[in-house]
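First chain written, first letter: the chains are A, B, C and D, and each begins at residue 1.
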Amino acid sequence: DAFQRAFDAAVAAEERIEPRDWMPDAYRATLVRQIAQHAHSEIIGMQPEANWITRAPSLRRKAILMAKVQDEAGHGLYLYSAAETLGVSRDELLDKLHAGRQKYSSIFNYPTLTWADVGAIGWLVDGAAITNQVPLCRCSYGPYARAMVRICKEESFHQRQGYELLLALSQGTPEQHAMAQDAVDRWWWPSLMMFGPPDDASQHSAQSMAWKIKRHSNDELRQRFVDICVPQAESLGLTLPDPDLKWNEERGHHDFGAIDWSEFWDVLRGNGPCNDQRLSRRRTAHEEGAWVREAAAAHAAKHSNDTTGATRA
Amino acid sequence: DAFQRAFDAAVAAEERIEPRDWMPDAYRATLVRQIAQHAHSEIIGMQPEANWITRAPSLRRKAILMAKVQDEAGHGLYLYSAAETLGVSRDELLDKLHAGRQKYSSIFNYPTLTWADVGAIGWLVDGAAITNQVPLCRCSYGPYARAMVRICKEESFHQRQGYELLLALSQGTPEQHAMAQDAVDRWWWPSLMMFGPPDDASQHSAQSMAWKIKRHSNDELRQRFVDICVPQAESLGLTLPDPDLKWNEERGHHDFGAIDWSEFWDVLRGNGPCNDQRLSRRRTAHEEGAWVREAAAAHAAKHSNDTTGATRA
Amino acid sequence: MTTTPAADSVTTAAALALGDDALVLSHRLGEWAGHAPVLEEEVALANIALDLLGQARVLLSMAGDEDELAFLREERAFRNLQLVEQPNGDFAHTIARQLYFSVYQHLLHDRLAAGDGPFAPLAGKAVKEAAYHRDHAEQWTLRLGDGTDESHARMQRAVDALWRFTGEMFQPVEGIDGIDWPGLERTWREAVEDVLVRATLTVPDGPRSGAWRAGAGRQGLHTEPFGRMLAEMQHLHRSHPGATW
Amino acid sequence: MTTTPAADSVTTAAALALGDDALVLSHRLGEWAGHAPVLEEEVALANIALDLLGQARVLLSMAGDEDELAFLREERAFRNLQLVEQPNGDFAHTIARQLYFSVYQHLLHDRLAAGDGPFAPLAGKAVKEAAYHRDHAEQWTLRLGDGTDESHARMQRAVDALWRFTGEMFQPVEGIDGIDWPGLERTWREAVEDVLVRATLTVPDGPRSGAWRAGAGRQGLHTEPFGRMLAEMQHLHRSHPGATW
């Protein structure tokens, strides 16, 4: 019909779809699912890093880490707002997260065991996220694309900070160097899994690419990430834990070893080292905060007609 | 009457009053109050020391401290049992403690700020307790006297351990020595207050002495304690924080400075550094344990006629 | 190893007192990260924590090396108020602590900024930050006090529980001159009472300081939870003596 | 400074594994001091903690200096099972942890005591202690499982939550020879299931180990709460390098 044709034409012309525009239900549902998962990843992703705020080894690093975790909360806010333009409220999405009916990035089901993990998350996890997200700045849905522009700018700042944290460790005492290498050893493979299953096993990819939500295949982005990381690891003086990693002149890319997809699926199904902990901590925070949210709502209702009460947070 | 005469005669003859013997109501009430306060002091007294179990600086010291705190729980058990022989249950007494209607020793309203405080509590607080309690081994009420024999034996062991802990610190690094001195500076005066108000301000003393519950006046015991501590402090290489402290040849005792009784009364009234914390932690533990106690009771009731269920703890 | 700053200057002592207040409260607020009651408060509490941490870094640097002072001092050498070291408790306790402290800090830095002492430059910036912290705490006190029955009860318990830590704030701080401390206290009390009353809360009437003649936070006497807070804060730094980060 | 024991001997590795189990569980139980649900349990939990601490001291001393190993190792060098480092939670969680571990420890030490390996002397004593710990855990599992509705629900949640940490116990420990690990696991499972069934509880059916191919506690990979536990445990010792206590 006419709506569908207008939509298709706009997408084809690289125009942005805006909230008031007509869009196919499946497009809307795909966006909601993806934006919600992205928003949830930001707020669950605060946990592994917050784990080190109280133990940061210098005040400078503590300030950087606090600011980073705060940025993630901010990203969550932008993204839930972007999802709201599609007609779903933050509360609905949080309920789905808490009920286990929506996902967040599996990477956050791994623990931060040492201070160097904060650096490895910045360098590798944020690095992988950026590789995934930069193309999203050109996503066909306007509010999501604009949120991503802002987020990517901050993420790349975080990525540099992570790199710099690891560099300080790598060039520090032997214990610090070992800590950095150990963190990279543990985070490398999970980071590669962040791009999702191999193209031939990826459920949603073809349609998302047609809709210009997604611009590149999982394997394409994964290869781009590997090619970026190899020289950075060298500058860091750290090795990547893959004996098969080597430059392939012919392809113009690095070859790398086989990913253990059984671990990926296992963690996705809920059996990662921290799935229970992350979700239960989130649920507890939400439940323990219920009385606060109710109080704010009650206060706002009481004072909706006066100017002396507190304004909405 | 005849009962009263028999009781008086027994007390006069230094015989023990036993649970089934007739005794004056006021005697019973005084004992209940005193034994309850003593029992409560044991269990509240676990808190300041438990504060350091998780931070003990060597495994040997950790084992000693755990065993000591465990002994205090054991003392609580003996003492609540002694009180039960007078017709009051542990639950009743705990309810009174939690409601603030029965006291515990005010000394436990001071905080343990450093590891050395564990030593100072052992040396000074347990030392003062022993000075108070040794005469109670000859108390006219049998079950209390017998509980005290066992408790005093363990307390004097704790007192030696505290002394030895402080000695190791005093002879350790300059930081350790300073830590020990600081602890003694903070615990000395509160320890002197443990003997209660001066004789002329002591409410219950005369009657308790007539009943041979109490054998010496507060000031007498305080003097005894000071005389014991002075040479021990010297052996420790630590000073007692009292410029007026000196040997009085004429009295054959040490003179010492004026005690700040306003602090004593203030802390007793609830305004010590830890009153709220101690009582609220105790109440919380009790409330959080309610479901466990209820489960044990329900299980025992279900299985009172079989042999397969769990036996009472 | 324990590092104590050269105590040759009263300014150093004052910088430690104010710097430790900011450092410790910032740390406590940082403990909320990841489990605030609402996402906006993740941002707001982190903002306040970051402001305070920034202040702490300036102040501690006036007294010595910021990291040595933060990570290698023992509990007894910290000079912060006992108020700021109190555990977060529920959100109402955190807000009550914020209310009591931010009103104090706002008034104090306002006066310091107006003077020409060594803290005037810092105070000029900090007073603006404290004004925001104060507004945040006041707004939440109103919401919680005049919200639901549950929030009212929780907020009342919180303001009552922390009341006894408020007297210490008005003991003159050595090295800070030209402050009318009793006047500061009167103004603080009027401001706090005004908020509490508007929040339909009862102004606590218990003592505003403990009975312990030995002193309180400014004398290096803290409360038991503080030691465990420091253990967590300092452990990593102390585990790698001499390392840089 | 980090001290790692000379890893020249497989016995050292095994002593660390068993010693760290005992050390860490003892520490967790010690956290109950002062707030157990009933006074008898203050005594009982402390008894168990003291037994385990005694075992830890013997075992760590086989591997090096007990205090250096306890207080100067980093998290990644600890070899304990993830099970024993799990936070106490409510009393049901503590009991579930005790049940799973004490049955394992009892069976393992029983076999070690019967052999002539380096751990036989320790195991001869530890097996008696573990029998008491096991009895304590079984009795409480019965009481809580077959007590009130609330205690049943809590106990079920606890056995479910910790189930995923039980698989790791039966990975062969390097340096411990002559153990039929699969046989040990079968016996453990029968014993635990018997208790759970008698306690009217459902035997959990989830996975008994995590998906992380990198490994678990025996490989030095722990869970996030463990780092904070170590911070508290080691802070004082690390604050005074070289001091004796």
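What we mean here is this: a residue touches a chain if its C-beta (ideal position, glycine included) is under 8 Å from a C-beta of that chain, and two chains touch if they have at least 3 such contacts.
Keep in mind the model is a prediction, meaning the values are calculated, not measured.
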Shared interface partners, meaning chains that touch chain C and chain D: A, B
Comparing B-D against A-D, which pair counts more contacting C-beta pairs? B-D
Roughly how far is chain A from chain C, going centre to centre by Cα mean, in whole Å? 34
How many angstrom lie between the centres of chain A and chain B, each centre taken as the mean Cα position? 57
So which stretches of chain D touch two or more other chains? 2, 74, 228, 231-232, 235-236, 240
Two or more other chains are touched by the chain B residues 55, 175
What topology does the chain contact graph adopt: line, ring, star, complete, or other? other
What pairs of chains are touching here? A-C, A-D, B-C, B-D, C-D
Help me check something: in the complex, which residues belonging to chain B touch chain D? 43, 46-47, 50, 53-63, 66-67, 69-70, 73-74, 76-77, 80, 90, 115, 165, 168-169, 172-173, 175-176, 281-282, 284-285, 288-296, 298-300, 302-303, 308-311, 313
For the complex, which residues does chain D have touching chain B? 23, 27, 30-31, 33-44, 46-47, 49-50, 53-54, 56-57, 60, 66-67, 70-71, 90-91, 138-140, 142-144, 146-148, 150-151, 154, 198, 232-233, 235-237, 240, 242-245
Residue ranges of chain D touching chain C (in the complex, touch as defined): 1-2, 74, 228, 230-232, 234-236, 238-241
Chain B residues touching chain C - in the complex, by the definition given at the top: 48, 51, 55, 110-114, 175, 182, 186, 260, 262-263, 266-267, 271-274, 276-277
Any idea which chain C residues touch chain B in the complex? 2, 74-76, 161, 164, 207, 210-214, 221-224, 227-228, 231
